[in-house]
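Let me begin by handing over the structure; questions about it come next.
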Amino acid sequence: MSAMLLKKEKWPEFVEKLAGKKLWAPGADGDAMRFAPVTEGETPALDFNNTRVPPKEALFPQTETMYRFQLGAEEMEEPQLEDETVLLGVRPCDARAMTIVEKLFRWDIDDPYYVKRRELVTVVGLACSDPGLNCFCTSVGGGPASTEGLDLLMVDLGDNYLLEALTEKGETLLESAGDLLEKADSDAVKEKEKLVLEAEKKIKREVKTEGVPEGLPGLWEDPLWQNVSASCLGCGTCTYLCPTCHCFDIQDETEGFESRRCRMWDSCMFGEYTLHTSGHNPRPTRRERTRNRISHKYSYYVDKFDVIACVGCGRCINLCPVNIDIVEILKKVEEAL
Amino acid sequence: MKTNGNPYIPHTATVEETWFETYGERCIKTFKVVFDDQEVRENWSHQPGQCAMIGVLGAGESMISISCSPTEGKFLRFSVMRMGKVTQALHQLEPGDKMMVRGPYGNSFPVDEWQGKKILTIGGGIGQAPLRPIVEYVRANLDQYEGLTMIYGARTSGDLCFKGEFEEMESCSDLSCHLTIDVEEEDWSGNVGFVPQMLLDLNPSPENTIAITCGPPIMIRFVLENLKKLGFSDEQIYTTLENRMKCGIGKCGRCNAGGMYVCKDGPVFSYAVLKEIPEAFA
Amino acid sequence: MELEQLQKTAAEVADREDVKYVIGWKKGSYGYRVAPGFIEDAAGAAELIFSPLCTANLATYLTLVEKLPVPRGQEADDRKVAVMVKGCDSRAVAQLLVEKGIGREEVVVIGCPCPGVVDPELLAEKYPETEETVEIKWTEDGFLLVRGEEEIEISRDELLAEKCRLCRYPNPVISDVMLGEPVETRELVEDEGVAEIENRDVDERAAYWEEQFAKCVRCYSCRNVCPLCYCQDCILDRLNPTWVNRAVNFSENTAFNIARAFHLAGRCIECGECERVCPANIPLGRLNRKLAREVRDKYGFEPGVDPEAEPFQASFKPDDPEDFIL
């Protein structure tokens, strides 16, 4: 696959060449809250750390119509998913998360919505040269320039972006940019390697995962769960903003006679999530819910799909209102093992 | 089978017959339904223990055990307790109305593996619904099994489901049916006491026997304890779990008990598997 | 207030036989973070701190406890919970007493007079957060940031949280133990945040809130962190009937945010926690303060000041103004 150089001043032109496709990029409203559609003529800026809401919503919207129907009728109409979308500036951790979640959405029975959106999307990554304070991707199988899940990787080389196509989709995108690009020489590639090494060194936080997937079920009754969940508020911040959390609820919503069945993100940190209609709740307190959240990511998912369902993006640490810190939890797990 | 590609889209079925198993605020209504589409009807196949997502468009869907055996005919039966939004909507359905059904979901009781064995079912309340297909399946294939013993209890005689069918069972020598209720009642000639105790009193031999239990979590816990006391090995004991579910196909994440998805890895588990999942009895 | 005194008092309270634990603030896992600490014995009290980083209102934990049924043969643990409160936090305790959300006998209140906390976002923006924990202290009229050998003087105005600029109760209104001397109450300043929105016309206001509510991800952290959002059965979780759809879109988000704000009218004690925890940075404090001001101006009611008061939303006076009813 090819590697090309794009002069930074040509970035707006590069974006223009993609016209016709739906573009999504980190919203430019100051704190880069989330990925949002790019309006015509707008040039997305790439000088952000990472968005608060992960780009998972491009493939798995927070609320998604599954089908529409009229009350009293039997016909169901599925939404037509056909827009090709380009995600610009996806961090490597978030792209890895897409491949991890895809395993579940393709497990045995394909989830038609996720799979279709995945097919329609081209993911343009942006390597991290300045990882965040709570990034620990290198501990869980990723890295600042990891290519998993990406179609194209962009690396900021100062005056230029280095563009490496990783799939057919990425190749096509490079072709469409045509003469805006120059062939990258070996110096550029060397520079990239140097930058990646430097970025890796900047990652200070670390988790040890050895023995954790096998060991977690054995810590079922360990007091650590009470300790780490004592201050938990039971809100959905850690799960909603997690790029690998993928649980959803399904509800029918009706206005007049127009009705739809839709699914929306759900959080295992909510008490209502497991509450049986009888009133019985198999996970009655935040202790059980926290234990499930961690075990699901670091043990159950590994059992089923052979990969840790955490990409080390640090969002749950950054945004937890009460400083519940997954790195600290895993430290305690390691001590207890 | 015809699935039109999207596993979330249900098939339309017509309610043919309905009747009440129990009465009261949390009454249980049974629905006999038949798929409208001939192809779906012909190709549908389920095994005892499997579930289906049933619902009403506009109200939602619930995962409900299919409470009939495939040996009974080309129809489905569901016994639904009136509990929440969806089950309330289901209870409004009368013969001729449409019910939305998708499935069948989950694994099933390994009834073929059990050939040549004695079958013991131990149910409580609405927990008899997933056990009923086993009873019917064994009845239809009596020559392949060494007989069936059924223990079934509820709070009161009015809370017992499928009452009309038990008399028929009494007349067959390979089947025995033991009913119990929690508190004494006038005109009740059966046993009075909790299901786990009745199991001990009957003292069934574990030899060449498979025990299957379903009911409220607390009952299951004591039944399992008592089966162990009677000498049943872990591999001889089966149960079927329920958890809150939304998708039925292992995506929504709601129903996991430890690392198991009840909708796909279950709902049927042998105790040998289940005892390794601490959350299963939570 | 001296740290030594705080830890000594906390140790004494934690050791009391009728106290289950003391909830206080402790150093967090990195940078500026401070985490709630649950101290069960005297030894644990050494972890506790009180600094301009102690923004969290710990009174929320009084009603956040999930009680499991007591197993047969065991007795319920009805020991008291001790909680450290700043001025604003203490108003939450008082308001909970008014509403009988908690009983006076269930709680030991450790009062911490508060010169005002920092705005964590503003702080991280101006003085980027680092891996090692950083200390911030109060000075005569500002803050002192201590990072290793480095010490940085910061003026009060530069970093003070918005809610503290408007604070009228820096000293706890209720307490069993008071730590240190009361701080001086500062002169009232105008609520510029609210005024700024009030000065817009109705279309601009609608556009402003539309933009804000559209960002909401409905994580409910604002609801859960609020010491006065403690309904066992919240209408937002209810599906039958469905008051607010679970779909996340502008209209449902608006319904949620307005329901939340209205349920807090005459109850919100302006601790600003909802705004602090919101991952979408919705200025919820402005919404709450606007309603608080309406209640104050129209009805002369101030929640969380007098534990003996009648709850605002449950009291009716024949001369209550009704001019807002269309």
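Per-chain numbering from 1; labels A, B and C assigned in written order.
In this section, a residue touches a chain if its C-beta (ideal position, glycine included) is under 8 Å from a C-beta of that chain, and two chains touch if they have at least 3 such contacts.
A quick note: this is a predicted structure, and the numbers were derived from the prediction, not measured.
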Number of hops, chain A to chain C, where each hop joins two touching chains: 1
Between A-B and B-C, the pair with more C-beta contacts: A-B
Length of the line joining the C-alpha centres of chain A and chain C, rounded to whole Å: 31
Chain B and chain C: spacing of chain centres that average the CA atoms, whole Å: 49
Whole-Å gap between the CA centroids of chain A and chain B: 39
Shared-contact residues (touching 2 or more other chains) in chain C: 239, 242
Set of chain B residues in contact with two or more other chains: 84
Residue list for chain A, restricted to those that touch at least two other chains: 249, 251
Complex contact set, residues of chain C against chain A: 28-31, 33-38, 56, 60-61, 64, 66, 68, 129-131, 215, 217-221, 223-225, 237, 239, 242, 245-249, 273, 276-277, 279-281
Residues on chain A engaged by chain B in the complex (per definition of touch): 66-67, 69, 71, 73-74, 76, 78, 104-105, 107-112, 217, 220-221, 246-252, 254, 259, 261, 263, 266, 268, 273-278, 280, 282-283, 288, 292, 295-296, 299-300, 303-304
Complex contact set, residues of chain A against chain C: 31, 33, 52-53, 62-63, 133-134, 204-205, 230-231, 233-237, 240-241, 249, 251, 253, 262, 264-265, 267, 270-272, 284-286, 317, 319, 321-325, 327-328
Touch list for chain B against partner chain A, complex: 5-9, 12, 57-61, 83-84, 87, 98, 217, 242-244, 246-247, 249-254, 256-259, 264, 276, 278-279, 282
Footprint of chain C on chain B - complex, ascending: 84-85, 88
